[in-house]
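Here come two complexes built around chain A, the first alongside chain B, the second alongside chain C.
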Partner chain A sequence: MSQVLLETKGLKKYFKVGKKNLHAVDDVNIKINLGSTLGIVGESGCGKTTLGRVILRLHEPTGGDVIFEGQSVTKMSKKELKKFHTSAQIIFQDPFSSLNPRMSVEEIIAEPMIVNKIHKTRKEIMKRTAELMDIVGISERLATAYPHELDGGRRQRIGIARALSVDPKFIVCDEPVSALDVSIQAQVLNLLMDLQRDLDLTYMFITHDLSVVKHISNEIAVMYLGQCVERAPSRELFANPRHPYTKALLSAIPIPDLSMRSRKIEIIKGELASPIDPKPGCRFAARCPYVGDACHEPQELSELSPNHFVACIKPL
Partner chain B sequence: MESKRKKQSQLREVWRRLKKDKTAMVGLFIIIVFALAVIFAEQISPFHNAIRQSGEHRLQPPSADFIFGTDAFGRDIFTRVLHGGRISLSIGFVTASASLLIGGLLGAMAGFYGGWGDEVIMRIMDTLMSIPSILLSLAIVAALGANMTNLLIAITVASIPAFTRLVRASVLTVVEQDFIEAARACGTSDFRIICKHILPNAIGPIIVQTTASVSGMILAAAALSFIGMGVQPPQPEWGAMLSEAREFIRTAPHMLVFPGFAIILSALSFNLIGDGLRDALDPRLKD
Partner chain C sequence: MSEKLLEIKDLEVIYKTDLETVYAVNGINLSLNRGETVGIVGETGAGKTTTALSIMRLLPSNTGVIPNGSITFDGQNILTLKEGDMRAIRGERISMIFQDPMTSLNPVLSVGDQIEEALILHNHEKRTKEQIKMRVEETLELVGIPSFRKNEYPHQFSGGMKQRVVIAIALACEPELLIADEPTTALDVTIQAQVLAMMKELKDKMQTSMIMITHDLGIVALTCDKVAVMYAGEIVEFGTVEDIFRSEKHHPYTIGLFGSIPNLEQESERLDPIDGLMPDPTDLPAGCKFSPRCPSCMEICKTSPPNDYYDGEHRIKCHLFNIED
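Now for the complex of A and B:
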């Protein structure tokens, strides 16, 4: 069994909304193995992005812990946290707001190296910047260009180069392709996969696009209203979903095949419940077609078959 | 040293773009002429000409002897404008810079950190803003005593709230963007985030407000001088000269025209430079 790089233990993040709490991330337990990719899927507002930010401690968690290489991220001092951020980086969803419009391409990529004093001289930094631009496939002549002069795909490549500039082991990819054209999406995904192979990176890949996550992940965690409801190896999850929500999610993937036209889609009824002070018990219960009395008890993530975890009292 | 060289090249880039802006260059030219004139005022026409009264030369229109004419006490208006500029321009410059610095710092802190600090700062500013600024300056001068330093303090304090609000609002539009989060994720210090990532993106409206406020400051000083709380006569000052000239607007309009023009031209030039700088600092408007 491969080595665990990052693990969360009962990680919680609540946002105060007046006197109530919005449970953005609620008791999430995930494990990411070194060199692998964990896909995080779930619909909008289910806490995927917050989970990514809390893991990097860009938001302070409300409870629980994040263990990175055996070290507790939540207990790190400022100095240790700075060091941690040279091993763990993030790529953002929106390539238009994630780059400083007043800095040129080379300044953006060099900035983390300057801040963390990774190279001693300016010459070394500029050399590394040029290398990084080459790695992510941005032409050298764009070094002095500003972000507004570039298209979304190139901007996202700059975001990737910036994340790589500190030589991280782990990168949180927060929907890195969802703001891009489909044709560019494939290029950026392939770039990310090539980088993973060449630089031994570990990814946490946040997305709502199931076809993307199938393409890139070794393991997938499904989130619903701040909770991880199912976690399994990618192939296993797609072949054999055990949680009713996962099943509904998978059946919603369109299949580009005429003979599948009459296929029945499992539609879930009702609206997403409010994440503000949710009722105890399974959060999917109100929409679940298989709901029973026991569903109003708190649900624990349990291992049904090796590496396949489900938080459902009567899994499918 | 390495970063110093880079900073210089960036400044050079801004200067190169500013040079292309004709109206900004006109503004810069006028301000330089004004600055040189007031710096060498003593050499051009000594101060005693500005305060020497003469009954026989009262209210004379511009002539070869008095190129801007004379005022109600027979004093040479040209010399008075020259020496008045020393006071007026430094009031405008010092108070605008001081309120930018203090208001900017408070506003940046309030916008960046938020929370109770933001509440405290902004409620104090609201309190200051609820008092009419001229009344506030008046109260401060009355309490501290009428002299130049207190005049500067009074005008600065009265204009700090506007700067604080503006800077806070500009910072708030930037601070929520992802590139600030990205900078944090690299371990960038708060100070560097504010200086390198937030201020350059929030600077446009701040520069315009600063340069536009210079003329307002000159007029505020003039208003205080007018009611005897600012610059004390016989010391000349543009605003005070303007006030004195009001009585003679029909009989001797030249008394009003020259200090008035001096205020308008300096205000206009500051605004032109401000607009030019805002554009030159924005790489999105390159070429």
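Now for the complex of A and C:
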């Protein structure tokens, strides 16, 4: 059951900004087990999306390694990479800009199969396209429609069908529901969970919405300024957050329940620091209510209890 | 304390173009007492922002038409006011916080100038230049921005800080009614918590009434006294927060909305979303607007629009409750 499908080792991605380096992803170690979902949470600018892209090598990593089924993704040749992309796919955040406006729905879904030569004949491809549309719940009459004719929820379903067209094992879902209304969001989440069950998929689910991540993930990694500050099974993380940032993040979610009205919200002051050439030491230190001198030393992710990792010198 | 500040009666708003007519708001009734916060919840296209713009009289003049209804603010029907008289209310007695702080500020004016603008245009107290400068600094400090930043431009501020500037502009003239249109949607959760806490504090301090437009039921639970749930241009359910969050009786849409949010407290395997999509506002269904998506739709729902069912102040627009009685 707990066979590791994907693992990152000290993964780094720096972007050059003039002469300085923007540390988008800095030394991230995660593991995703076969058939499970790892949720990646964090606020905008913390490097969630970059992490997802580096894992699929849509960005070249600056350092570290990604191991997928025992094979190093960073060392793959172009040919191997193409093959890797048939088993690892991505669903993009914005269904409005990630579909080609000049292609019809069936063309969009069929394209990966044509590019990767998955099926031999056109007939097979069209048959599979129709199947995929049925799986994600787009009615057949929309096959020749163009993206602008469809609403956000349906467009996101096309994005899902396109990712599924190459029969992947692993899908990076980059905020797939954040552009959608709540009732549509729930429909898409249910679809993603059904697909996981039926097709044995493994997800890396990137989001800033903590209630969504709790609903869908087995394990959660919390990111702050390019680093993973806490990683734990999802129930454990919500019940027992150990990093001050995680605790503040959880307390900041408005809960639709009146009994929570009087609850004291722990408001963290200040805002995200600049990720350009950050100082050594804990990156949350400037906003942390429990900050001490030792916090300016570099922090390592350490295992406090089984499977619960925290990068904090004095965890809560 | 329970003096009525704003009353909306049978308000209808349409957007009319040569090609089609969009029925954005279809006969809503809403009232707001002084010092109260009313939340308007609903999904994209429910008519929340259109309602707010009608109160501000900021509907696009070439297409937006109000065929019916009245909006009474402090005893005056503002829909019949002359534009000049409206200008004395807009920005001064009623002001609005817009959704997107990134686009609602002028990029070529410093934030101090933008706050000052509101004060100069509504200068009834005959403040001198010096006094206005003082007031600008006061307002900035009020929303938690150090006053020495008043000469900076919007691009030098982060999203949360920009939203504070927008709030400062809205509050500069100490309005009686503040309309907040999704004030925190564009912000991260920790910043959202900061901004919401600040708004609540300022509201209590200045005794402002507020209309909070949002799609997040969590924000409603946190900030509002009364809630209106909107769907396809109608208020399908209205009541106090207790009515909406605690009562047994609900409009099927409200139930669907709650079923769509993953619950943090309980473990649930699947969500119970509402099937289907929002109806096309140019071609609304006859009868109940929610009937095509409603799990408890009856024959009568398809043909005749439901009336409000009252239970004290709690009102629900649904046939389910009218038939029982």
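Quick note on the criterion: the second predicted complex is superposed on the first by the 315 of 316 C-alpha atoms of A that agree within 3 Å, B and C clash if a C-alpha of one lies under 4 Å from a C-alpha of the other, contacts with A are read in each partner's own complex, and residues count from 1 in each chain.
Quick note on the criterion: contacts are C-beta pairs under 8 Å (C-beta built on N, C-alpha and C of every residue); 3 or more make two chains touch, one makes a residue touch a chain.
A quick note: this is a predicted structure, and the numbers were derived from the prediction, not measured.
Colleague: Mind checking the superposed model to see whether chain B and chain C fit together on chain A or clash?
Modeller: Verdict on chain A: chain B and chain C fit.
Colleague: Would you check which partner chain A:162 touches, where first means chain B only, second means chain C only, and both and neither mean what they say?
Modeller: After superposition on chain A, A:162 lies in contact with chain B alone.
Colleague: With chain A's C-alpha centre as vertex, what's the angle to chain B and chain C, nearest 10 degrees?
Modeller: After fitting both complexes on chain A, the angle is 80 degrees.
Colleague: After lining up the shared chain so the two structures overlap, which partner does A:181 touch, if you call chain B first and chain C second: first, second, both or neither?
Modeller: Second partner only.
Colleague: If you stack the two complexes on chain A, which partner ends up touching A:276: first (chain B), second (chain C), both, or neither?
Modeller: neither
Colleague: Would you sort A:199 into first (chain B), second (chain C), both or neither based on which partner it touches?
Modeller: neither
Colleague: More chain A residues touched by chain B or by chain C?
Modeller: The larger set of chain A residues in touch belongs to C.
Colleague: Of the partners chain B and chain C, which touch A:86 in the superposed model: first, second, both, neither?
Modeller: Touch partner of A:86: chain B, not chain C.
Colleague: Can A:99 be said to touch chain B (first), chain C (second), both, or neither?
Modeller: After superposition on chain A, A:99 lies in contact with chain B alone.
Colleague: Minimum Cα separation, chain B versus chain C, post-superposition (Å)?
Modeller: Minimum C-alpha separation, chain B to chain C, in the superposed model is 15 Å.
Colleague: Provide the residue numbers of chain B that touch chain A in the complex, in ascending order.
Modeller: Those residues of chain B that touch chain A are 2-3, 6, 177-179, 181-189, 192, 196-197, 200-201, 281-284, 286.
Colleague: Taking the touch rule as given, give the residues of chain A at its contact with chain C in the complex, in rising order.
Modeller: So the residues of chain A touching chain C come out as 43-44, 151, 153, 181-187, 189-190, 193, 208, 210-212, 214-216, 235, 238, 248-249, 251-258, 260-261, 265, 267-269, 271-272.
Colleague: Could you pull out which chain C residues touch chain A in their complex?
Modeller: Within the complex, chain C touches chain A at residues 43-44, 158, 160-161, 188-194, 196-197, 215-222, 241-242, 245-246, 256-265, 267-268, 270-275, 277-278.
Colleague: Applying the document's contact rule, which stretches of chain A touch chain B when the two form their complex?
Modeller: My answer: residues 53, 56, 58, 81-83, 85-86, 89-90, 92-94, 97-102, 104, 111-112, 114-116, 121-122, 146, 148, 159, 162, 166.
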